[in-house]
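This is the structure I have questions about; it appears just below.
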């Protein structure tokens, strides 16, 4: 088997693993992690299949770098939303407490 | 100088300017609207051979920008919608009361959406489309989050999965063909496993973004909860980019790969979406949820048109109908969300039953809602009518009576649910809370709704426009 | 096989042995402090030996200087993080082993 | 020998990914995710794609890892430990069957495509005109500069989107303090940061410069800068700026702005993003240096997250705690 195929197949399995985790995990932070694994798998397919006998195609490499940057940007936004949602829920819960949600001394 | 790059560069420039301008950022829309309107007008009139390679790098490396009929129509409609929504938001701030972060970030986000949508409509490069798709999704989710964080997070997750499915398809195509350009792929595409899987994955991902039944689940909560200007942009524009990329894939890049059965799967899902969305819209108690479910139904027509375009001996009619429907929906739905936002500000509550008395208190806004509804129902004279009429013609000519029946039924159901909302406005009710709303706010939805009606009279002009460099007109790529 | 190759092999082998010892300590030692003790000492030495092997293998002074920099930064980072970890463990007051020092 | 290396590496990647996805404790999951990212970096080295390896380790493992750790810590402070709850067995079986089938289909498709560096042939003859050697940089900043331009706006847009989440009353203040609470720890981290930040700056500058000819580039360098900034913020060596600080806004906007302006200036030489002959390298370096500064600042703030109401004040007070 060619080197490129080894990595591309690893990427394919990673994609499936990540997808399975995305479906079966309930916590959004874990789902975000799963999505990152899927993304890494896709990038590995792209890179593995661009691996020639003596060089790796720079074109898919550049696409992967662009993809990684976009993935990080979206992960940051997703993580911020998850935390903000948890905070908003905690604040609502605190506000509905009998003491009116005043922070303790 | 070319409108093709300026239509992307100018909104990006405005995005940077809003970030530098701080609190004065919102006033920049007064500059952006005429600039973008002028550029969109230029694009509509530009010669078809204005297509060019960015940086003059040849395919398959470079990226081709192309002013075809679809791009012209969608860019122009986008300019109208964002222009109107932007002016509306200038006068009637979109943020939750007192939220300075939302007040300031709304502006860079709509310019990001604007640039991303234009870039997506103009490019023929599938990877470039991935980046634009993410620009639009990012802005759309952030705008949706201004209403409901919960709905936005759900939208975000599902949109990410859609993006990755699309990206995986692009990855397979890069590896298989060493190109991601639609025009090149159309010449080399083979119906083999990798190509079919890639097309399937990309289609599935884009259908999530376009919210076609049964992948629509994220749309109603996100669109119903967002602030009115954000809902208008989401329903009018964010959903359409997925649709346009699907047009590029199914009719341009891979007509040799897609078969009649696959087209009928899309058409069938579209037909189900029309029925399901309409029935759900009828059952909604809250006004914005009704309008959001109407989007689910209206997206259905766009995909119902796929087999009709592919099956027609002369696809120009069905193609024009589909594009007319897309443009009319953009204008009418944006108008309707803006009008609904104004009505809900004045009404006692968010339910349809709370709308009583609004027809007297804010006649212009209720008129806008009514006019938009006329186009969405497909009553003559309106853009919605012309679009549906052309599609209905194509369906009957092909003997596709099932699709024809669904279209007629969808129109009837739309009439039922929109009349329910409108008649509530004419009913008696408690005195509206704040009847005084400033002029621009009333005018924006009225102008959009008026345009949705007026394009019904401009049928032949839009027909010609939609046919420019259309895939079925290209030599050798006739859709049988 | 030249003397240099033999030296590289020997250095690599010793370095990996230290790594193995460090990892074993991480797994088997009872509390944070002793685990850090195993990790920082054994792994830094292991890394140094492996880096030396790599520098010898390339046989270029420029490359050797870069490898030395890598090693230096790794050692500094390891020292800082282990200090932070130890402090945090002390603050948490978690002593999983009765022999560990009392807070 | 190398085939064995590839296969062992791939098995390690799959193993760490499996643990990262399915281990119960969230912190362990993230730790394994970071290990997974570093192994992926090795895989990219195995594929002779050093540029990607740098980006994957810096961004995919480093920044994403820090982001996830911070998010998990903030959730934990709110009483959410982010463990994976059990889902119904039927869902698992169904998902397993679906994903298994999907992997088989995907693997078959992957195997039907012979790995080849097809576009290398098209790229190599174009490189002399650019005056640089690194072909990946050539693709990113010349042939596909338009993608990269839009991508830089995605990154900036993500920060704007994160800002938009700030609750009423705390914006545009300082973002959440990253500094360590404990005094001695803060001092240790702070002294490390004061040593690290200048080193990071030098290294990042070098990475941009080197990126023209050998692996490196603005995104990798920007991440190094962001790393230095984040460590400094954790150690209290630098304070995080208010979101409306004009200087900060300029730093964030600079890279995309210079990129856009050079692109538009290209219309004078024949079209958008056309670099004038002989000045291609200068144009690309100008873009990369300004982009690297903006990426560094943007990533650091992305990791920090939106302005939040201090955790000690969950009911939503107007004044958040100042950072020590």
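Chains: A, B, C and D, in written order; residue numbering restarts at 1 for each.
The rule is short, and it goes like this: a contact is a pair of C-beta atoms (placed from the backbone, for glycine too) under 8 Å apart; a residue touches a chain by one contact, two chains touch by 3 or more.
These figures come from a predicted structure and were not determined experimentally.
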item: Those chains which touch chain D and also touch chain C; value: none
item: Inter-chain pair with the most contacting C-beta pairs; value: A-D
item: Where chain B and chain C are represented by their mean Cα positions, the distance between them in whole Å; value: 57
item: For chain A paired with chain D, centre-to-centre distance based on mean C-alpha positions, whole Å; value: 12
item: Centre distance in Å when chain B and chain D are each reduced to the mean of their C-alpha atoms; value: 31
item: Two or more partner chains touched - positions in chain C; value: none
item: Multi-chain contact residues (two or more partners), chain B; value: 61, 127, 131, 134, 138, 141-142, 145, 149, 168, 172, 175, 178
item: Interface hub residues of chain A, defined as touching at least two other chains; value: 8, 15, 32, 43, 45, 49-50, 59, 63, 66, 70, 73-74, 77, 81-82, 84, 88
item: Category of the chain touch graph - line, ring, star, complete, other; value: other
item: Interchain contacts (touch definition) - all pairs; value: A-B, A-D, B-D, C-D
item: Residue ranges of chain D in contact with chain B within the complex; value: 105-106, 108-110, 112-113, 115, 118-119, 122-123, 126, 139, 142-147, 149-151, 153-154, 156-158, 160-161, 163-172, 244, 246, 249-250, 252-253, 256-257, 260, 263-264, 266-267, 270-275, 306-307
item: Residue ranges of chain B in contact with chain D within the complex; value: 1-2, 5, 8-9, 12-13, 15-16, 19-20, 22, 52, 54-57, 60-63, 96-102, 104-106, 108-109, 112, 115-116, 119, 127-128, 131-132, 134-135, 138-139, 141-142, 145-146, 149, 168, 172, 175-176, 178, 192-194, 197-198
item: Sites on chain C touched by chain D in the complex; value: 73, 76, 80, 83-84, 87-88, 91
item: Chain A residues touching chain B - in the complex, by the definition given at the top; value: 8, 15, 22, 28, 31-32, 35, 38-39, 42-43, 45-46, 49-50, 59-60, 63, 66-67, 70, 73-74, 77-78, 81-82, 84-85, 88
item: Chain A-facing residues of chain B, complex; value: 61, 127, 130-131, 134, 138, 141-142, 145, 149-150, 152-153, 156-157, 160-161, 164, 167-168, 171-172, 174-175, 178
